[in-house]
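Here subunit A shows up in two complexes: once beside subunit B, once beside subunit C.
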Partner chain A sequence: MRLIRNKYLQYLLVGVAFLLPVLLRGVPTATVTLAASMVYTAIAGLGINVLLGYSGQISLGHAAFMGLSAYLSAYLTKQLELPFILSVLIAVAAPLLIGLILGAIAVRLEGFYLAIATLGFGEILRQLFIEMDWFTGGFSGASATYPTIFGQTLTKNGMYTFMVCLLVVLMMLVHNLVHSSTGRAMIAMKSSRSAAMAMGVNVFQYKLISFAISSVFAGLAGVCYVHFFRHVDPTVWTAGLSLNLIALVVIGGAATVGGAVVGAVVMHGLPELMKEMPIIGEIPGLPLLIVGILMIIILIFYPRGLIFVPRGIIDSIKKRFGNAKKGEV
Partner chain B sequence: MSQVLSVKNLSISFGGLRAVDDLSFSIDRHEIYGLIGPNGAGKTTVFNCITQFYKPDTGEIRFTDQKGREHLLNGMPPHKIIGLGLVRTFQNTEIIRELPIIDNVLLGAHTEFKAGVLANMFAMPWARKQERELRKKAMEALKYCGLDQIANEYAGAQPYGVLKLIELARTLMCEPSLIILDEPAGGLNDAETERLTELIRGIARDHHCAILLVEHDMKLVMGLCHRICAISFGKKLAEGTAAEIQENALVQDAYLGKEDEA
Partner chain C sequence: MVEFFQQVVGGIETGSMYALASMGLVLIFQTAKIINFSQGTLGMFMAYVCTGLILELQMPMWAAVPAAMGIAMLLGALIDHFLMNSKQNITNLSREMITLALIMIFQGLAPMLFGANETPFSKFISASALDIGGVKILPNSLLIIGITCAIMATLFIILEKTTLGVAVRATASNPQTARLQGIPVKLVTLGSWAVATALGCLAAVMVAPLKNVTVSMMDSIHLNSFIAAVLGGFSTFYGPVVASFIIGIANNLLGYYVSTKWSLPMLYALILLFIVLRPNGLFGKKIVKKV
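After this line comes the complex of A and B, so read on.
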């Protein structure tokens, strides 16, 4: 039982589960593509969870950060022919830098104002993607290749495996972070600004830290996207994607490490699942409608997120079959 | 006797309201000092000015740390205050409900942590070691306040009396020279208040620190404080021992109303 409770092992198991489409024979490539969408949104979602779930800050501009890294990595590897690892570092440093500058301005704003400021910033960045066609290919977009790591050019499955490994490592890093003094300060800042300040937390600094972390994660997600789908165009990096990231964090479980992953799986997987259903799947639009209704229903019963569903079920079984002595603690 | 805190000619206004008006007082080392006054007298505002949550209009607030260095608190960012050894609680308790009790107490040691973001992310052994050491210290603080049995329970599920104690335990983490308590007995019953009185006295003795407190429970104030300052409408009415304050005509007027009005 104790082994199962080990978080690192849990994250590894999540990784293994994600690798099943690659490990099993005869899985259609469309499934790998779907799973890759889950993984890159989960990576960005992890960062948004640090920002939103743990630190209580909001951003509607992170999709643009993903796009920036995607374009940069495509440009650096293809036009400048830099090695993949180096181009990733540069591609992630850019949103980090911009995230810090935006953060330095934005952290003085709260709530709605912060949302609007980041929304505006994201849209400006997206317009730049359209305008700067020497760099981004304009509306038609830019292309990229599967990366070469240590002389080995990855296949589609290889790139997917790389993304899953990255996700697992990032989950472990976030787990470490939120269970340390940094995470504690973030949670304190979200829960009681006064207490955080009185206990010596520099609120300005910690908001910036959470902005920086989420920008880096968004950048990594963008890099994964461009080297998996090998194409990037400006229609992807809209505020709608930023909203989706927030939605998946809330649906999966805010302020939990696994929440973003659960959210990403459900938000990408459920519509596909519905489309496969007999009758329902055949009527256009109906699957999405049902997904929407399902999510509302689930959130009514599990407002803290889907990640608490198993625990909720176990608790209710325990309650039903004796064990009443322990009561609700 | 050396002073730990001196407040000189402190004034602050909100709009047209003079919340604190030319108030001066000082607290000696190891002293338990009480600030009393009717509702709305400006007691919590004084606290907020000292800890720089509010920026006072005029006046000087000076604090002497354990090493005898004097600091002018005016204009300091609020998060720097605790590093000097000056720590506070809040009238309505400011507790991180999402965290276990022990983590709430650990927050009080925030400035002690050496590890930065990356060291924490990669769980560097030295960072984990410091976390373990401070966790042990937090456990001792909880034990001191009688909360060690429930250290790992979530703070959000605790009754009000326990929240007050968590805040108190949290102040012990920073090697304080002065603890500011804003109505520590607010909302507590008689038995709890009596235990709290002993606890506060013990903290001042065992941690060699001074305590400044605001409290409406007169039994607690009179029994505990070495000196008391009574204020009304932001102005100082009287200062002295419990007996002197009780005798003071101005204080009686402020609390009970003037005789000719009655």
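After this line comes the complex of A and C, so read on.
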């Protein structure tokens, strides 16, 4: 029991579960593609969770950060033929820098003003993606290849495995972060800014840190996207994606490490599942409608997030079991 | 100079649509303290309903638009009653995510009920342009601007001069205190949702002749109404309306004198800079939180 409670082991198990489509034989490649989109959104969602769930700030510009990294990585590996690791570092450094600038702005802005400011920023970036066609390929987009790491060129499954490993490592890092003094300071800042300041928490510094971390995660997610799907175009990086990232964090469970992963699986899995259904999938619009309704049901009945559902069930069973015992006595 | 005024008039016309949409956003934000992300999508859906009323039920335009606005009010009230107030223990963030789910629901419903094809939508008045000192103005644009101004004036008179307005403003400033004073806070938010959805519907019907009725027709209006609400300041009712007109006009002028491609990014950058310098918008007041 104690071993199962170990968080690192749980994260590893999540990783193994994600690797099943690659390990098992006879799984269609479409499943791997679907799982890959779950993994890259989960990575970005982890970052959003640090920003929103733990430090209580909203950003609607992170989809554009993902796009920026995706384009940069595609450009650096393909046009400049830099090694993969180096181009990843550069591609992630760019959103980090922008994230720091936005974080500095965020100190002055609260709640919705911050949300819309980041939204405007994201739209500017997206317009740049469309117009700077020497760099991004304009509307038709840019292409990339599977990366070469230490002389090994990855296959599709190899790239997927790499993404899953990255996700597991990032989950562990977030776990460590939120259990450190930095994490505690962020949580304090979320529950009450004034109280946190009174306790000596440097709000400016921690807002910057949370923005920086979430930007780096968004960047990594963008890099994963471009090297898995090997193509990137500006239609993906809209404010709608940023909103979806926030939605999956809330649905999965804000301020939990696993929440973003659960949310990403549900938000990507449900629409695909609905499209595959025999009758539902054939009527245009119906899958979207059902996902919307399910989302509302989840939000109303599990306001803390899906990740608390198993615990809720165990608690209710325990309660019933306990009552039965009392009845016997 | 004629061209300048031509651009300004065009800006006022698009600004009117932004103003209607952002007024809806602010009404809900002030009374219910949430951002309604589905405002644009609800408007889109109601534009489909309005086309349905005209094409299927053969209703004339002057009857179909008010009818659609009536349905929109009902829809808004239903959403508030069944989804927003269903449970007390969900956070405002969760409520905002519910509005996000509403986007999916209505984007799914629209093609199911009305088909996936683009539908053209005729103008209110199809008369040719008037020439006022060289500036060409379509009577339809005049009507749009006129309706918007009339609605804004009515709303402001209600908000400032009537008991109902006092109830809305009291709810906006503090729901708990308002409830203690005997103000039916739930009814006020219900009414705000109803009026806001109707305003979104009207904005969509005004956009419809320009863009046809499609699922994505309201995207840019919705985005700009957000930006207008922030530029004007979420804490006032008139700020976002003024900012809507500023954005409409500035976008047109930047597009004409600088660059069509870059007008919107430049405008956003300017607004971003402005918000950083004045974090509460043009007219917003800083609300100092007491511990």
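One rule holds for everything that comes next: the second predicted complex is superposed on the first by the 322 of 329 C-alpha atoms of A that agree within 3 Å, B and C clash if a C-alpha of one lies under 4 Å from a C-alpha of the other, contacts with A are read in each partner's own complex, and residues count from 1 in each chain.
Following the convention adopted for this analysis, a residue touches a chain if its C-beta (ideal position, glycine included) is under 8 Å from a C-beta of that chain, and two chains touch if they have at least 3 such contacts.
Not measured: the values here are computed from a predicted model.
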Combined model on subunit A: subunit C and subunit B, fit or clash: fit
Subunit C, subunit A and subunit B - angle at the middle CA centre, rounded to the nearest 10 degrees: 80
Which of subunit B and subunit C A:Gly151 touches, first, second, both or neither: neither
Subunit A residues touched - subunit C or subunit B, whichever exceeds: C
Touched partner set for A:Gly26, first subunit B, second subunit C, both or neither: neither
Which superposed partner A:Leu173 touches (first subunit B, second subunit C, both, neither): first
Subunit B versus subunit C as contact partner of A:Ser194, first or second or both or neither: both
Partner chain(s) touched by A:Gly183 [first = subunit B, second = subunit C, both, neither]: first
Subunit B versus subunit C as contact partner of A:Val203, first or second or both or neither: first
Partner chain in contact with A:Pro278 - subunit B first, subunit C second, else both or neither: neither
Shortest CA-CA distance between subunit B and subunit C [superposed frame, angstrom]: 8
Subunit C-contacting residues of subunit A that also contact subunit B: 192, 194-195, 198
Complex contacts: residues of subunit C adjacent to subunit A: 29, 35, 37, 83, 86-87, 89-91, 93-94, 97-98, 100-105, 107-112, 116, 223, 226-227, 229-230, 234, 261-262, 264-265, 268-269, 271-272, 275-276, 279-281, 289, 291
Of all residues in subunit A, those that touch subunit C in their complex: 105, 108-110, 112-113, 115-117, 119-121, 123-124, 127-128, 131, 192-195, 198, 239, 243-244, 246-247, 250-251, 254, 283-293, 295-296, 299-300, 303
Partner subunit B, residues of subunit A touching it in the complex: 173-174, 176-177, 180-185, 187-188, 190-192, 194-203, 209, 213, 255, 329
List of subunit B residues in touch with subunit A within their complex: 51, 53, 77-83, 87-88, 90, 94-99, 103, 106-108, 110-111, 113, 115-117, 120-123, 127, 131, 153, 157, 170, 174
